[in-house]
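Across the two complexes that follow, chain A remains constant while its partner is chain B and subsequently chain C.
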Partner chain A sequence: MNIELLIPVLLAATGPSAVLVLAAVGEILTEKSGVVNIGIEGMMLISGLAAAVTTHYTGSPWLGVLAAMCVGCILGLIHGAASAKLKANQIVLGIGLNMFAVGLAVAVLIAVWGNPGHSSPLPRIPALNVGGYSFNPFFLLAVGASIAAHYILTRTGLGLTIASCGENPRSAEAMGVRVELVQTLVTGLAGLLHGLAGAILVLGYVGSFTRDITAGRGFVALAIVVVSNWNPLAALVAGYLFGTAEVLALTLQAAYSTTPGISELLNTIPYIAAIAAVALYGVKARAPSWLGKPYIKE
Partner chain B sequence: MEWLANTLLASLTSLVLGLAVVGVLLAVLGYDPIEAYELLFRGAIENISIAVDRMALYVLTGLAFAIPALAGLFNIGGEGMAYLGALAALVVGYLVPNPLAVLLAGGLVGALLGVFVALLKLYRGVHEVVSTVMLNWILYYLARHIVVVYLKDPRYPDVSKPLPPQARLPPVEGVHTGLLIAVISAIAAYVVVYHTRIGLYMRATGFDVDAARYQAVNVKLASLASMALGGFFGGLAGAVLIACELYKLDVALSSLYGVGFNGIGVALLAWNHPLGTIATAALVSSLFAGGYNLQLHLDLDVHVVTGIVGVIVFSLGLPSIYTLVQRRLVLRKVGQT
Partner chain C sequence: MSARPSLTTVHVLAILIIGLVVGYALGAITSPFGREAGTVTITVTKTVTETKTVAGQPSEVKPGKKVRVLVLFDVGGRGDLSFNDMAWLGAERARKELGVEVKFATPRSTAEMASLLDRLSSEGKYDLIVLVGFLWTAPLEEVAPKHPEQKYALIDAATSKVYPNVACYVFREQEVAALIGILAADIAHNLGGDKIGAVAGMDIPPLWRFHIGYLFGAKYYEKVTGRKTDLLWIYTGTFTDPAKGKEAAEALIRQGAKVLYGLAGATHLGMFEAVREAWQRGVKVLAIGQDASQEWIDPYHIIISGLKRVDNAVYTAIKEVVEGTFKGGIHSLGLKEGGLDLASLDMVKWFAEQAASVGRLPKDLTPEKVVEIVKELREKYISEEAWKIVEELKQKIVNGEIKFKNPATHDEYEEIIEQLEKGNLEAALIAG
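== the complex of A and B ==
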């Protein structure tokens, strides 16, 4: 392939991959602490909705991003507290949140924009332009977040504390770690990143809110977490590859737009890639020992 | 009996919570929640034919979640299984216009999909939640592709060719054949899960994998069997829609969209008991029939009801709801004596 053709694809990939990387890095943090959150999809949908509504009424996409982060953080804290404190079934919570998000999105879309499918076009966060190459500014944030998360998890006492909750909460407790509090707060922080991912999806990538805007990205992020073996830097690489796959699918769709049925077929590419990647590279991955199990003190 | 009373109370609590949260939400958005509730409840009776149609599908997708769940697997793929089942039912119906062949085709492709998911988990470590959700999306687009390119009715836009009349199962003397199939399926699933050896293995695996292994239970076989059986019913849901209800499929799959997810709500409300899904499917499908009233009279969308089911599922994930209910019961008893 001609390199001149490849550069626009690589630059365009910064948008979708920023979403995936931030969602995956958030999930890595929360899973390291022992809590699994399969409600990323719903959290991105609800926070993306918050971003859209806030931007619609204030005219400022930046306020929209802020609102999405707040909403994401609150949802994360709820999931964290329900998982850590109330010993809930974390998978069932996630399924419920994902379904609730669909109902909420539809109701708010009708109330604000008068139809159940999509919002009106929203003011977008502008692309960054460096030397003639324009890319998504949030990609830098995603790179920063994954480096920071990697540093925290591997080089700091805080990272050790988080990992101890996910590996052996009983020993962590014996060492004086307040397991339930750490899990709740980390899941809240992760929620903030999921909220940011939702905002980027709406305001930095698509430019409007639609009912099915997340389209399984929350679960692709879960796949990235496994493929990256819970390593934020690997998640950055994997997220970027998946973002590139998405842009390639879109580019091919544009090329074949006149042939009926082709765009549907091309849409399956990212999902097939996700299953294949986990099947090929997920075998060697090792999840935190206590992942998803409620820790009940004796 | 006390166990039954407690579980019923917990399910009821979650239902009330679901209605309450969405009621508050509608009030915030400027709707009259009392009017919405009234429409919702009236809709179950006014749109009884929609309710019965949906109920047949929800029993089956409920089983698609419940059976693997009893073996410890979270099958989120009821949605994709139903898509694939509907597709297989149509294709087989065109070639072999026989209702039994149509239904079996739907069930079998669902079962194969279930086995594929179980194999991915057992041999490649792909968590079933990730694989089933990805498959839902893959099958959604694949089904659309196949309907658009190969099965489209040239006379109408966006609809597949109809199922040949000989392959259909219309109501017999007023009895909805789909519902009959669904109820028989639930009873069959109950017998397999609670009265056969493989059913015991499934439940043992779901209860405690390690304990099951020490008792020489073939855990892999139990997982495979539970996903195959669950998948069969998921695929059958799609085939029932084709053979007993619509006799065709629309390009956007809107007639199937959400059946898998609502099946999860149905199963959890029934605490994954196969026979319980009959009752809870009646409940959830009534909510959906009511949802059409919201669409008709308040210009809302039927998918608002998905929000209600979502809250129900979320609250059923909280064990504290259950213990809260239980504690109140116990306390009252102590107080009385």
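== the complex of A and C ==
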């Protein structure tokens, strides 16, 4: 693999990584506040669906993105409120959301496009042309989001407030922080990013909606959160590396496709990379102390 | 930390809701395996039997009792623009040409497939029950032995055992892939390249057959015209991930592939998008679809499709019952039996019309316009010479001069590919 091939790979990875980075940054925010959301997959699917339906009826992909962010935010607020206020089991909530999303996607696909598999082609937000190769503009948004999240978490009082809810809600409460409200709002804000990730997948990358379009990316984002040790900038690097590994694996197949037996092995490269990263850095990672535990006032 | 609160109304409610969601979702989860993944799932809006009796014209075939046929669709039913719609087309043709009475039904979910089949079988009202798609295999194996008098036809799948009352129809994918390989090679050269590509799903036997056929076609073209052609093949490992399909297609385009053959169900929808995007950057590449005619999705860039003629399989199954030649076992369909084909402009039009009727045709297109665009595309990028080579190979396949091997193991498959890469065409064929 020479350098002329590597640059296009790095550019091509911007599309898939933008989705992973935004989903992971959103998850970092909620987890910092003490709420775990394993329903990213379902949230991305439902908001992607909202993006597709809106674009189908209005013809405007930008409205589609907006709709996806709204839907993502609402789902985030619901998850946040159910977790923080109603003290529901957050893991079960997430699993339920993932399962519900699949059923909803099928029902809406049949209602709107008359088949359970996929939507018709949709108008989409085009990629940029950089020297004859495509560059996904949403990647810049993902970079911006991770820098902003990092700044908020490390340099502002708001970041301290969020982190205090996840580390020691009792002390936070004693300091006058309304823990339940903060957790709910932060999860809603994260939902906005998850919704954006879903919209990018549908309108900024593939150009149509299919039933399983998320294909496990929500779970990869969860892994990225751990690998990055809850640091948004590290998540940017990890998400981009994962996207690059996937593109690289496919490129290697295309470049050396004489031996079909090797394909399955090459397809595991991104996952092996993820496991290796968790093994190397995950041990040092420290989750927020109160992560996933409902905080119950005395 | 205080103790957890005792079970409250909120908890009870939460458990109830979660139970509902989980129950609903379990019904929705099916096993999307192998074929057109987008069509394998649950219908939530339709009721059990969307039955429609269509009286046929007076039959000349059988003066006595009219032959009665029931077609059971895959879950999802009509409107998929692929398997189920093509099965419907075949049954309709049988109704018109053979004068049989046809009924259609769609199961609501995979869970009720076996019980629905059992009930309809025990009624004994039908001379033949046609089952469309892989998902019927397990229910059929459960029900068929219980009703030895009932005849069944299973389309695009085979039971693990042979039953005297079950006729299975499977396809010899190599044959259509070989024709596509010739056309792809020609298109690549007309676009100024010498590489063709494929975005494949999982590394499983039907895909091995496609791979062998496609590579054979390209090398056959190379042998006849002397134009060297290479195949770049990617297994994405999935039939349901269009984003990965797009990544794979972009990788192929970067490596210089000029034509991409989609062999991955919903995954290769992303391939179509990659091709469209490449044109926007000024990179000329074209796409080829598979199973149904997919040109209507993007007629400016999808030049042709390989067809799996589910309609002909259904028609043949019905015909054999009408003519009294029904035989249990596995029937393999290829070019000769009309089980596989290249998408003719008529087929392109029919699928575009079906897409338009459910509002899925892109808004600025009409079926006529789709045909016009595709026709122009084909005239521009496929040479007369290539069509001649296709016709020649097709003849050889139809008259049995060329018979493809069907590899039983991965090693055998790899060996065939390796030999084909070296230009040894015989390696893919059964000698004789």
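The criterion applied here is as follows: the second predicted complex is superposed on the first by the 262 of 298 C-alpha atoms of A that agree within 3 Å, B and C clash if a C-alpha of one lies under 4 Å from a C-alpha of the other, contacts with A are read in each partner's own complex, and residues count from 1 in each chain.
We adopt the following convention: contacts are C-beta pairs under 8 Å (C-beta built on N, C-alpha and C of every residue); 3 or more make two chains touch, one makes a residue touch a chain.
Nothing here was measured: the structure is a model prediction, and the numbers come from that model.
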Partner chain in contact with A:171 - chain B first, chain C second, else both or neither: neither
Partner chain(s) touched by A:264 [first = chain B, second = chain C, both, neither]: both
Touched partner set for A:127, first chain B, second chain C, both or neither: second
When both partners are placed on the shared chain, which of chain B and chain C touches more of chain A: C
First, second, both or neither for A:116, with chain B first and chain C second: both
First (chain B), second (chain C), both or neither touched by A:60: neither
Contacts of A:226 with chain B and chain C, given as first, second, both or neither: first
Partner chain in contact with A:91 - chain B first, chain C second, else both or neither: first
Touching partner for A:246 - first (chain B), second (chain C), both, neither: second
Chain B versus chain C as contact partner of A:154, first or second or both or neither: neither
Interface residues of chain A shared between complexes with chain B and chain C: 82, 86-88, 92-93, 95-96, 99-100, 102-103, 106-107, 110-111, 116, 211, 215, 260-261, 264, 267
Residue ranges of chain A in contact with chain B within the complex: 38, 42, 82, 86-93, 95-104, 106-108, 110-111, 116, 211, 215-216, 219-220, 222-223, 226, 260-262, 264-265, 267-268, 271-272, 274-275, 278-280, 282-283, 285
Complex interface listing, chain B residues touching chain A: 21-22, 25-26, 29-30, 74, 76, 120, 124-127, 129-131, 133-138, 141-142, 144-145, 148-149, 261, 264-265, 268, 299-301, 303-320
In the complex with chain C, residue positions of chain A that touch it: 5, 8-9, 12, 15-16, 19, 59, 82, 86-88, 92-93, 95-96, 99-100, 102-103, 106-107, 110-111, 113-118, 120-121, 124, 126-127, 129, 132-134, 201, 205-208, 210-213, 215, 217, 246-247, 250-251, 253-255, 257-261, 263-264, 267, 296-298
Chain A-touching residues of chain C, taken from the complex the two chains share: 1-2, 4-5, 10, 14, 17-18, 21-22, 24-29, 32, 36-39, 41-45, 75-76, 79-81, 197, 203, 208, 211, 231-238, 240-244, 246-248, 250-252, 254-255, 257, 266, 269-270, 272-273, 276-277, 280-283, 297-298, 355, 358-363, 410, 413-414, 417-418, 421
